[in-house]
Structure formats: C-alpha cells, structure tokens
Amino acid sequence: MDKVRIKIAYIGGGSRYWARDLMADLALSPRLEGSIDLYDIDSAPAEKNVSISRHVFGRPEAVAHFTVRAVRRLPEALKGADFVVISTEPGPISMRYADLVIAEKYGILQPVGDSTGPGGIIRALRAIPEYIGFAQAIGEHCPKAWVINYTNPMTLCTAALHAGFPGIKAFGCCHEVFHTQHRLAALVAKWFRTPRPARMEIKLDIAGVNHFTWATAAFWRGHDLFPRLREEISRPKFFADATRTAKDHLAHERWFTSPGLVAFDLFRRFGALGAAGDRHLAEFVPWYLEGGVTGLMRWGVIPTPYSWRKKRRSLKDHPVEHYRSRPVQPSGEEGVAQIEALMGLGNLDTNVNVPNLGQLSQLPSGHVVETYAQFRRDSLVPMVAHPLPKSAATLVKRIADVQTLTLDAALNRDVHGAFSAMLADPLVHLQTDQAWTMFKAMLRHCRPCLPGWKLP
Amino acid sequence: MDKVRIKIAYIGGGSRYWARDLMADLALSPRLEGSIDLYDIDSAPAEKNVSISRHVFGRPEAVAHFTVRAVRRLPEALKGADFVVISTEPGPISMRYADLVIAEKYGILQPVGDSTGPGGIIRALRAIPEYIGFAQAIGEHCPKAWVINYTNPMTLCTAALHAGFPGIKAFGCCHEVFHTQHRLAALVAKWFRTPRPARMEIKLDIAGVNHFTWATAAFWRGHDLFPRLREEISRPKFFADATRTAKDHLAHERWFTSPGLVAFDLFRRFGALGAAGDRHLAEFVPWYLEGGVTGLMRWGVIPTPYSWRKKRRSLKDHPVEHYRSRPVQPSGEEGVAQIEALMGLGNLDTNVNVPNLGQLSQLPSGHVVETYAQFRRDSLVPMVAHPLPKSAATLVKRIADVQTLTLDAALNRDVHGAFSAMLADPLVHLQTDQAWTMFKAMLRHCRPCLPGWKLP
Amino acid sequence: MDKVRIKIAYIGGGSRYWARDLMADLALSPRLEGSIDLYDIDSAPAEKNVSISRHVFGRPEAVAHFTVRAVRRLPEALKGADFVVISTEPGPISMRYADLVIAEKYGILQPVGDSTGPGGIIRALRAIPEYIGFAQAIGEHCPKAWVINYTNPMTLCTAALHAGFPGIKAFGCCHEVFHTQHRLAALVAKWFRTPRPARMEIKLDIAGVNHFTWATAAFWRGHDLFPRLREEISRPKFFADATRTAKDHLAHERWFTSPGLVAFDLFRRFGALGAAGDRHLAEFVPWYLEGGVTGLMRWGVIPTPYSWRKKRRSLKDHPVEHYRSRPVQPSGEEGVAQIEALMGLGNLDTNVNVPNLGQLSQLPSGHVVETYAQFRRDSLVPMVAHPLPKSAATLVKRIADVQTLTLDAALNRDVHGAFSAMLADPLVHLQTDQAWTMFKAMLRHCRPCLPGWKLP
Amino acid sequence: MDKVRIKIAYIGGGSRYWARDLMADLALSPRLEGSIDLYDIDSAPAEKNVSISRHVFGRPEAVAHFTVRAVRRLPEALKGADFVVISTEPGPISMRYADLVIAEKYGILQPVGDSTGPGGIIRALRAIPEYIGFAQAIGEHCPKAWVINYTNPMTLCTAALHAGFPGIKAFGCCHEVFHTQHRLAALVAKWFRTPRPARMEIKLDIAGVNHFTWATAAFWRGHDLFPRLREEISRPKFFADATRTAKDHLAHERWFTSPGLVAFDLFRRFGALGAAGDRHLAEFVPWYLEGGVTGLMRWGVIPTPYSWRKKRRSLKDHPVEHYRSRPVQPSGEEGVAQIEALMGLGNLDTNVNVPNLGQLSQLPSGHVVETYAQFRRDSLVPMVAHPLPKSAATLVKRIADVQTLTLDAALNRDVHGAFSAMLADPLVHLQTDQAWTMFKAMLRHCRPCLPGWKLP
C-alpha cells in the first residue's frame, strides 16, 4: 500500500516524554512517512531530540521514515503542517512552586495541582495566553492542520486554542481513561478466570471534563461489568485504610500509582466510576484531601511533591547514544493512531477533549468536554455520551463553571475575576481574606509569566 | 464461530415486503440463528409468510436457520423476544383515500402523503394510538428487546413507541439516505472516471428528520464531493424542465424514480443536499407542489396515485411455491446488520431515527431525529451531527414543531389541536374555513380508525 | 414640583406623524422641559416641524416648553441627548414598489408589506444597515441615551440597533396592542352593559413578535374576558363573509379599519387572540391572503395599495399656520409616558419590543420580542409572559427564524442568505425559480438602497 | 369603597409569630373582611390564637373584621379558601438537634441550618413529604386558592407544593431582602445627609434563591448606590475584625443581628450584594464558617444555638389577655399587601419565590427562584432579573443543583440520593466515610419524621 506523507509541527519539541513517544509510534506506523519540525523556546533539547530521531528512525524495527529538524521560529514549523502537536510546560518549573507549595502553606493539599484547584487555576492563567498565541499562529500559517494538545490544564489549554482561532481543528488527548480500562481488565481476569484482556476490549461510556471523567457503563464482551463491580466493592474491607500501601509507594517514589479507591468510592457514592487516576480525581472534590497528606494516604494515594518535580527536571537525561540500541516500542499513547484515522486510514473510536456540540448535554454548549468520538478521514465526530447520574453531573458542572470563570479572567487579565474563580473552586474553603492573601502570593510568584497583568 | 441465537417478534408479520426481506437477510447471516414469531391482525398473510419461510431457509444459499411461526396474540409473539420488528399499515388501504384524495380535492397535492402534510398528519393520528399500544405491550412482555420500526410516518411512529414506554429501546430505519449515496456514487464514477463505488464508500454527514434529511457533507475516499457537486449543478440546463422524464416514468408506472432535481435544488438554495427521494422532500416545503402535478413534473417527479396503491393491494401476490426456486439475495436493507451489531458481532455506523439526546442540537431535546449513530453490542450511540445551515434548520424546525403538535393531539384525541397542526403544516395555505372543511372530511373518512375521538 | 430637563434627538425629524405627536404630548407633560434636535436627511420638513413647534409649545394648553431646532449633522443632534427617537422611511417611497407591487405580480398579496413577507424582508434589507449606523453613532455620541424606535420592520430595526451597539438602551414601540384593548373595551361595554371602559382598564397578557403579537389572557376589573369572547365568536354568523364591509372601507379609503375577524379567527383556531390589526396579522400566515384581494375581503380587510401610499406622500401637508389655532391634544401614543417613567416620574407597565432575556422563553434568547415590561427610572424590566399555546408558538417561532435569517443576510450583504429567508417566509409558496426571479427583480429595484451588495 | 370578602386557611395556625402578624395586618386593612380557619396538628395553640383574634379584631384601631376559628381537619379549613397561608415546623423542635448539633459534632457549623447545608438538607427531607401532602389537599379542596408559604427551607417547601399539585398558585415569601433595603436606607441617610428613607424607596434588582439572594443594583431616587457602596467598603478598617460586636450580641442573645460584613464581602468579591442576613448568606459558601464560631464571629455573626431554639419553644407565651390592651401595629411583612393586590386592589411589585419561567435564565427552568414579581388581580407576574455576575451565578447554580438532588431524594425516599446531595453541598468537605457516618446519625435521629424510608 502507498505511504501517506504528512508534515508534523511539534510545539514544545524539546519534550523528553511526549515528543520521543510520538517519534517511536511514528517509526512503527506502516502507512505514514514525512517530516517533523520541532519547535521549542529552548532549542538545545529540540536539537537533542533531532539527534535521537536519527537513531529511532534508523532502528531495524522502524518501518516508517520521518525527517526531523529543529526550527527556531514557530511560523517556520507551522508552515505546511498537516498536524500540530503541542506539549509544553507553562513557565519554568519554579512556577510550580506557586501551584503546589504556596497553596499547601494555606492548607490546600493538591496531589498534582495542574488541572484544577488553586494550582490548576494559576497554571491556567499562565498557559492560556500562550495557547491563544499558538492558535493565532496556526490560524495564520496552517489553518487546516489538526492540532493535538497534550498539555495540562487540558480543558483550558484546549479551550484557549479554540478561543484564539475559532476555526481551529484542535482536540486534547489524555491517557487517564486507558488506566481505568487497564484496572477493569485486571478485574475481568479475576472475575471471569480468564487471561487479562487487552485494554481496548473494555468498552466504556465516558463523560466529564478531563481528569474528572466518569465511566457511566463498562462492558467486556457484552458482560455488564457494573453489577460485578458493585459486588466487588461491597466486599468487607474493600475500602479498608490503605495508608500502608501509600507509604510503600512513597518509599519507592512511585508517585503515579494507587489502588483506585477514590475512583471506586465515587462509584459507590455517585453511581458512576471515576475514570482517571485517583491523584487527579481527588482534586476535583473537597473530601479526599481533607486531613492533608495523612487523609489522602488513607486512600492509598500520595501527592507528587514539588521537590521531586524540580529534581526530575535537573536529572540527567539519557544520552543521545542510548537510543541507538534501544528497541523502538509502542508507547501506549494514541496520537499516531489518531493521525492515521484523520488521514483516512481507518476509523478510530476513542476518548477525546473537544468543545461540546451536544455530546454531553448536561454541560454548557461549547465547553471543552471529554467523551468518546470517532476519528475519521479529516473529521472528528463526537458521540453522544450517556448522561451522568444527576449527582455526578452536579460535581462536574461546578468544575466547568470554575473553568469558564478562569478562562474569562485569563482572556481579560482580570485579577478579581480570577480570584472569584479560585473562591468558587471546591478545594477553597479558606476565609476569603486568607484566600486573597494566598492568591496574591501566587500571582506575585508568577509575575514573570503573567505579562500585561496589573498585579495587586 | 459460534452462532448467536435470537428470537424476533414481527408485528405486521403478514407484510409482503419488509418481512420477506428480513427473512432473506437472516438466511444469509452466517452468525445468527433462532426463531421468528409473525404477528398480524390478519392471520392469513402471516401464515403464508410462514410457508414462504420454509422455502427461504431451505434454499441452498441459506446459511442460517430460523424457525418461523405465525402467532395470534401479540403477547405470545413478544414473550422472550430479543428483537421486535414493526411494519404495519395504519388502517385498511381505503384510509389512504383521506390522506391523498381528499387533500387533493382541496388543492393539496402530495406525491406520497405518508410522512408530512395533511396526509401524513391524518395518517399519524391513526397510527399513534396503535404504536402506543405496541410500546406498552413491549414494556410488559419484553422490555429489554430492541425494537426496529419501518412504518411511516417514521418520526411519529417511533416517537409514539417512546411515549408509550419510556424505557423502550426503539429506533426507526429508512433506506432513503442509501439512495442519496447511490446517486452520489454514480456522480463519483463520472467525475473520477472510475467504476461506480459501493454505496458505503460514500461518506455522508446527515441531519434532519426522516424523509426531510439533509447531507451536510459528502466524501469519497477523502475527496470532498460538495465543491464538485456545486460545479455539476451550475452546468447550464442542469435544472432544465424534466417534464418529459416524468411523463416517461408515468407511462411506465415507475412511481419511485426521479432525477433528484429537488434534492439538488435544495442544495442550491440552502447549501445542504436533500437526502431522501424527491417525492418525499417535495412534501416538506410548499414550493415544488405549487402548480399541481404539472408543477411537480417539471422536476421530473410524479405522485404515486391512490388508485395504484389500492390496485397494488389487490394484485395477486406470488404463490408460496415461487420462493422455492427463487435464489435468496441480500435486500439492501440494514436491519440484519443492525441486529448483528446489537448482538456484539461488530460495530456498525449508519443513519437511524431516535430521540434527540444532543446529536442534533438545533432540534428540541427528545424529538425523534435522523442522524448517524453507532450500533454496538446492546447499545446504540448517536453521533453528533454537523449542524445544518441555519436556513435549512429553519425548515426542519417548523416540521418538527408540526410533528410535536400532531403527537400531542393524537395522545389527547384533540380535534382542535390536530387542526392547528394541520394549519401549521407548510403545505396548507388554504383559507382556514376551507382547511377546516377538508380536515373534517378526512376525520370522518377515518372514523373507524379513530376510536375514542369526538369527531366534529 | 420641579421640572425635569431632558434633551431629545429625533432621527427622521421631518416626520409628519410621529414627530408632531411627540411634540404635542411633550407640550402636555407637566413635569418635563428641555430641547429637541430634529435631524433628517431631508432638512426642509425638519425645518417646517421647527416652525410648527413654536405654535405647539406656544398654545395656551401647553404646560411644558421645549426648544426645538433642526440640525444638519447626526452627531450634533445626538450629543448630550437623554433620549433618541427614531422614525424613518427606509428609502424613498418608490422603494415600496418592490415591497408591494413586484410581490403582487408574483401572486403574493400583502396588505401592508412592511413587517414580514417578501415586502417586509426586502424592506429590512434596506433598513438594517441604516440602523446599524444609527446605533454606532449613538454608541459614540450618547451611549447612555434611551432610544425609542417607531420604524417598521419594528423587530428587525430594533434588532439592528442592538447589533450595531450592543450596550444600547433601545426599545421599539407600537400601538397595535392598544387597538386590541379598544376592541375588547367595546365588547366589555356590550357584555356588561356599562359605559365603554378606558383602554388601560383592559388588562392583557401579551406575547409574540411585533405585529404578530398575541393576547394569552384578557381581564377587565377581574373578569376573565376569554370565556365571554369564546361565546361571542360562537354566535352564528359571527364569522360571516365581510366582503361588503371591506368594499365600504375601500370606497372610503379607510385603509386601516377592519372588523377584527382575523384576530378572532386566530383565537378560534389557536386559543390566543391576535393582538394587532388584521392587515398585519394576515401577513404572518399563508391562509388569509390565499385567493388574493377577494379572499382577504371575505375577512373585512383591504390592502393598503402602493398607489395610495405614493399619493399620500405627495399630498399637500397642513401649512405651519394651521397649528397656531389647532388645540394640542394627547396623541394616544405612549412615548412621553415612557420618557417620564424612565426619568423616574412613576413606573409604567406597557408592551414593548426588546431582546429576549427570558420574558418569552419559547423564543430564542436575544431575539427581539414583544411582551409587557415595566418602565422605571433609567430601567426597563421585561415581565415574564404567560407562554403562548404551543400551536401559536409554532407560528411565531417560524417568523422569528425568518427574521434571524434576514438579519444575518443584511449584516453580511448575502444575496443567497436573503433568498433563503424569503423562501422560508410562510407567504412564499412559489416554485423556487419563480421566487428567485421575483427576488432578483426586487433587489434590482432597490439597488440604490443596497450599497455594497453584489446583486445578481 | 366596598369591602372585599375573602376566606383564608392557615396551615400551622397555632403559630405564635406569623399567624398573629397576619391577623394584625388584616385588622389594619381597610378593604378586606372575611374569615380565617386556623388548622394545626396541635389544636391548643390554634384555639389560643382564636381567642387572641377576638382581642385583635376588637381593638379600636382595627378597621377590618375577620371571623377566626380553629378547625381540626385540613379539608374543612381548605374548603372554599381564597388564600392558604402556611407556616409550619417540620417535626418537633428536637429534630433541630440533627440539623444543628450532629452536624457541628462533625465540624460543620451552621448559624441557622434551616435552608442549606446538612441541616437544611435533612430538614428538607422531613418537610417535603408534608408539603406534597398539603399541595394534594389544596388541589382537591381549593385548587384556585393562592398559597403563601413562609416555611424554611423556603425553596424546597415551595418546590414541593408545586411538585405535589402542578396547577398550584403557590409562592414563597421572605423578609430578608427588606433587611438589605433597611441597611442601604441607613447608608443613604449617611451619604446624602438626609433623614433615613423608607424601605420601599430603596429600589433593588434581585436574583438568586431564597436566603442566597443577591442585589445586582440598588437605587435611591435615581441615585446609583453601588458606586457609593464600593467607596464605602474601601474605607480602611471597613472589614476590620468584628469579634467584639459579635461577643456583645452573644452576651445579649441578639441572635439575628449582625453588621452585614458577609453581605459586603460578597459584594467586594463577586460584584453583587448579598441580600439576606449574614447568618443565612454565610451558610451557602464554605468560607465564613471555616474556623468555627471564632471564624464566624470575626464577621460579627453569631450562630443561633440549638439550646436557645429549644428554650424559646418552652418559654411562656403571652397570655391571651395581653392582646386586649396591646395596640395593633403593622408587622412589616407583606402578606396582606399581596393578598390585597391579588384581590385586584392595586398592583404590588415585590420579591417572591416561584418556579423559574424565564425570570432568571441563569438557573434551570422550573427551579424555585427569588426575584421581583408583580402581584396583580389573581395573577403573579415575575419580572426578568438582571443577570447575576457570572461568578455569583456559579455559586447559586451549585446550590440549586443540591436543592434539586434533595428534592428528588425526598420524593423517592432515596438514602443514597440524599447522601449525594449532602456531599455536593459546599459546606461538606469531610472525608466521605465521615460524612456518611454523620448522615446516618442524622437520619436515625429523624426517623420518626421520615416515614416510609429504609434507613441504613
């Protein structure tokens, strides 16, 4: 079969994780070929990724070839692009001090702090103007390109792309739902005494906003998994204190692992299963973070500390040479599968974040929501989600409202608007003057990344 | 592979067309087997279909076996059914005199008169209570069965099923969109000098209500067909008077054939392509029927006369014996493919009529709309339709409103409500007292099929 | 009590009818004083009105004094204005040939042709850009002024004001509802054998769009008038042929008079009373104009002919001197009462046309609707209207949709958009190519008033 | 002028406060006369109120006469009633232990605990079935009566009346908005160096749900008060710690008094003024109650303790004789003014709680909201509220959602639904298992008032 030729522009092309995964998956795609322009405000890591690319696409198991280069100017990268992939960090890593440490000083614990809560809000204020700028550049240089966003806060970065260029074909991708499928696959193996099924065999109905996504139904080969799950969580001790597990993770710096008790507790209380990692889910409601780290560890979850995030940044990266001998393997991400589908190489049904056109009628029209959608040739068609239980919908709607307030505030550089968003966030139950003090400290810390703001 | 065993209840089981097609398609399904209960208020034709079934499933090319029997009582047919298929005629054929002939006496020409217009409305008043009854029986005897409706008025019969038993898993199917795909396939062959592609290769976006469905986009292997279509219809003489063609069809009693000029004229005027036969499309707007049969023939369309409909009813049917030697062939309908998908034998994306959950946000929530949907194991997921051009949406919304008024009137046996629906129909521009006289005549003609009404 | 001082800018200040009525009512207001700037593209009639004003405000019965002058430039008139009053004619009177005569050539009779139907649409296309311009000038020169519009098409001129300057405090006023009150007052006198009550004693609930307004309830001193009205119209012969009455009106050139049979027929068919003159009401639905002038006269209504409209324009106006001796009398209009209320001199509840903020939830948010509202000091608060009967709402919604299509087309100078609006109008049931020929003829006739359009 | 004769049924007719106030106001109404039937499950206090009524209506300043009697059966009271007034306590006072004390044991402080928060929710679960019952009785015995509710939770009791009998003419009344007017009147006196104006001179725009109502604008004789208020609260020390004031109120058992700092803080943070007492406002958001009683007293607010509520119940009431010599004075409530308006004795514009028909389009259709409305003869017309600032709307929407969940749970006696409502309440940021323990304790305490529930 003929190869399909594409050009990809990668914004944040110095990325260690996402960019290299994408190159690996492209190398394994039998139907694609073309070029990748890596754009990064910091050119050295982009150049390094170029060097790595030579090894990746030169490996014997690579079946596709892509020409990779680093470019200094965004327009150059965008020109002629069929796809734009974005993964960036909104500001230097020291900005995360505001998101995580300042908030915690005021008693607000956030295991991740990049999607919601005070951390997610201040991070969004930094990111949104950048994403508006990306969108405008895309509108100018490659208006017909498909744009894949991997950056958090996913909902608001994707919303900013649409606000910056209303005709944009942008969507946001996240693998958290995959984890839910994996977790259910393990249970299926147990329940049906069968080898663990592949992730894609677990069929979910999905609805929500990114990282606060819910599965409203789950099937495996036609078996309804929810009654079994209900039985499973009714077992005595199912919800027993998991502090010991958490401590073990802490000891081994396994920041991203947890037994899923928060997701299951949401299922117990609200009738739909939380479909993201517990560290994310726990941030969208006030209950699990009450009692600080101790309270959270009861659910087997540990927060990812700012210190580690900073340390990781300064950790030595693999040398380029490392990739020469390292076999290229599928990343588990779906970006390349989506690209193939959009190029007409077969439909793909998967979860995605796009503005609401009716797929989740419990949320406002136009709000970026996460549901299933079908990727087809040059087209992305959302599927109508099964409605959330009313009570779960209530929780998601309040988050969507806070997101809207945050977006408006970022667009208008409106300090008081942003503060009202923060007060409205479910994690904020400080006295208002304390909250204001906290917010001012955050703003001041982030001053370099808030150009044009009149800070208090 | 294992066969999947199902029971089908067929309401209107004496049907010559739909029931026999269904049996043929089932006979050719390699994965299904089971039984069919044919229920009909008139038992002789159902018994005849049982006899025919023996031949059909006994043919050498049949790969599936189904046991078919005629049952006298609806509950018996429904008990244990996995699927209920419905195709009925609302009242004896003489009722169609009201739908077609009385309306025409008052100057309202209707080429079909079964979906909209005065004919569609009065037909709906006869049908809705029956479908409410079917739904209640399904709710009692097989509440988890999937229900496929083939009867017109499609929108309102399907709506009545949902009104009668709100938990019903009912949808309506229609092949008119297929015709649009066929027509475009022929143009693709011409434009690209290629053999005529298969229907399914023509990818449409679809939105509307049944028989007033619109294609908002059309692709073939990634080629956008709308710019080419725009060029095609700009050719001089494209819209030339097609009376001669119409007369030819008339002479040969080819009632259902037309060159598609109405669909293309809608495309020219409203930017979306009518995606149903012209004889249907022409009834939803007042323009093409102005000037009576002569006016309509200008577009190459001829009305199907009441006389022929009556005659056909009394035509001799094939003898049972005929089916012994007749090869079983695929019908072109999708019912069995849908059944297979709902049984978990592979997903199917196709057009379908179901209550609006968000798939067409320009129409009211809950209204039965026609869009694409995905059939999966025990699940039917609507896909969000590309919005109609605002002007086309305006035309569809007024039809939806008339349908709602009609449904309400039928549920309440409300003469004045029904008359207000009729006045609001775009085909009715009589003086109101004349319209009232016409409506009274229709009601009186249909008295036997309007039990419980207080007729004027 | 202290006098309240205001400045009024009058756009269309040469108006014979509205401007002089306004001056009369102002002269009779005990609480107001100030100045009026008359602006008109044609300065002579404005100058004449200035001369007349001297007589009006000099009359002994005048209790208020206003300084009136004609100004040549709109900004000068607007500067410092507290109120802007607008009554203009969109284009020279010869434009009405398109609205009325061309349409009639194609079989579309319109008794007025200024609000809806082909005439209303083409007229709107001429007016909307002007009103956008007025709004922008108001936004620049007197953004806090209250703006009263008297020009038809009322809905779309008022909508254009809001589209041109979104912060505008503009509303549209119409006296047609008053006529309904007068008509009911006469019936009250008969039913209750009482002297005819004052108009304001007839309490209505009102909902709709201007000239297609409906009364959903009517009370007089707590008596529900609808049951009585239902009885009244059930009298034999109530709806008898009124051609003789119509002929009599025709003979005496009483263009604006009719017995109200259309309003009552709407009441009979839809359960809410048409609350505008029959000549207006009859244009929003296709039924009454079927059968041309003869058909219309059956309801006692005659169309106002283009010939008379033209003639009236050239009739000799009263000389200035005439006003010296003519007593100043209340006009029956409410503009000055509204001005008083907005200046804080007492609340006023009356019907008004403003964008929908929830007062009529059956119509789209933002659409200019007619309901009751309360005029208070510097504030206009719509009152939530009783919902229309569903069937009546259906009729109004389709008109609102056509208005939206027309507004969009005018804003974009979009010929095809405008044509789709025209096809969607209930009066247009021509073959589409005939309709297109008619529309082109209209556009060409109006070319001088359609600057910037690419006409076909 | 003629007197207008009415019959009032009073449910909760033993009420010390509301019933006696109503009698006083009726005694002072020059236009009304008639009878009052006092119905109470406890007949002694109702009989006492009958005795008191003789004194009240016998006082020299009484201008109206009403015959008052106590009736034992609700149908008897309702029969023939023109008005039904309801003020009841949902369950014996000991039930308030669950609302207030149990919640506080789990760290949730509630100054009132009757409208929202855990206390408001559990109280609603007790009250809703009763109010459903009242509504059904009204539907049966006096379906055309106007129904005035004074009981909290106002929103949900009023909603239950509408749920129980959809045609009911019920509204809820609350005087909290009056307090905001009084507070602003005092400021007007200061700002304008004028005698303190009457409450009604302070014109507000109002929007929200009861006790979480907001003023979006405030005027006095045309002066916009919000800019002045903004200046006022910017004064240094305006928001200084008010603990000393609170302590003083505590010492004197002035439970209902506070300096309004919470209302003003909402104004500062959200741009609209809280329009209820601070003790109510503080319960709808999590910020002010953080830090327990100490935290709350910082705003000058003290909670009303359960002990006092219980004590008050057992306090000796005035003897009947007391009313013989006590002058009858206007209560400051508006019930009688509303009754007069509904009887056609002049329109009244005031705030009221009724289902949303469009008056507050930011909240769901049908939800009971508080806005201004016009009382007319036999009609209550909501006025369209100025929209809330988006951020304030977010806070109100989440409350409305919790109310809807609570109503649904009460209608279905659904423990888990009720618990999900409680978790969704902004005051609940306990760990979910702690919240569950608290909720179970509440349910068990209220068992006698939760007939038909399956308690955990």
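Letters A, B, C and D mark the chains as written, and numbering starts fresh at 1 in each.
We adopt the following convention: a contact is a pair of C-beta atoms (placed from the backbone, for glycine too) under 8 Å apart; a residue touches a chain by one contact, two chains touch by 3 or more.
Remember, it's a predicted structure, so these values are computed and weren't measured experimentally.
So if I look at the partners of chain C and the partners of chain D, which chains show up in both lists?
Neighbours common to chain C and chain D are absent.
Among the chains here, which has the CA centroid at the largest distance from chain A's centroid?
Comparing chain centres, C lies farthest from chain A.
Using mean CA coordinates as chain centres, what's the chain B-chain D distance in Å?
55
Just give me the whole-number Å value for how far the CA centre of chain B lies from that of chain C.
Comparing mean C-alpha positions, chain C is 45 Å from chain B.
In chain B, which residues are in touch with two or more of the other chains?
None at all.
For the complex, give me every residue of chain A touching chain B.
203, 219, 221-222, 344, 347, 349, 357-361, 365, 372, 374, 376-378, 381-384, 387
Given the complex with chain A, which residues does chain D contribute to the contact?
Spelled out, the residues of chain D in touch with chain A are 239, 265, 269-271, 285-288, 290-291, 295, 298, 389-391, 393-395, 397-398, 401-402, 404-405, 408, 416-417, 419-421, 423-424, 426, 428-433, 435.
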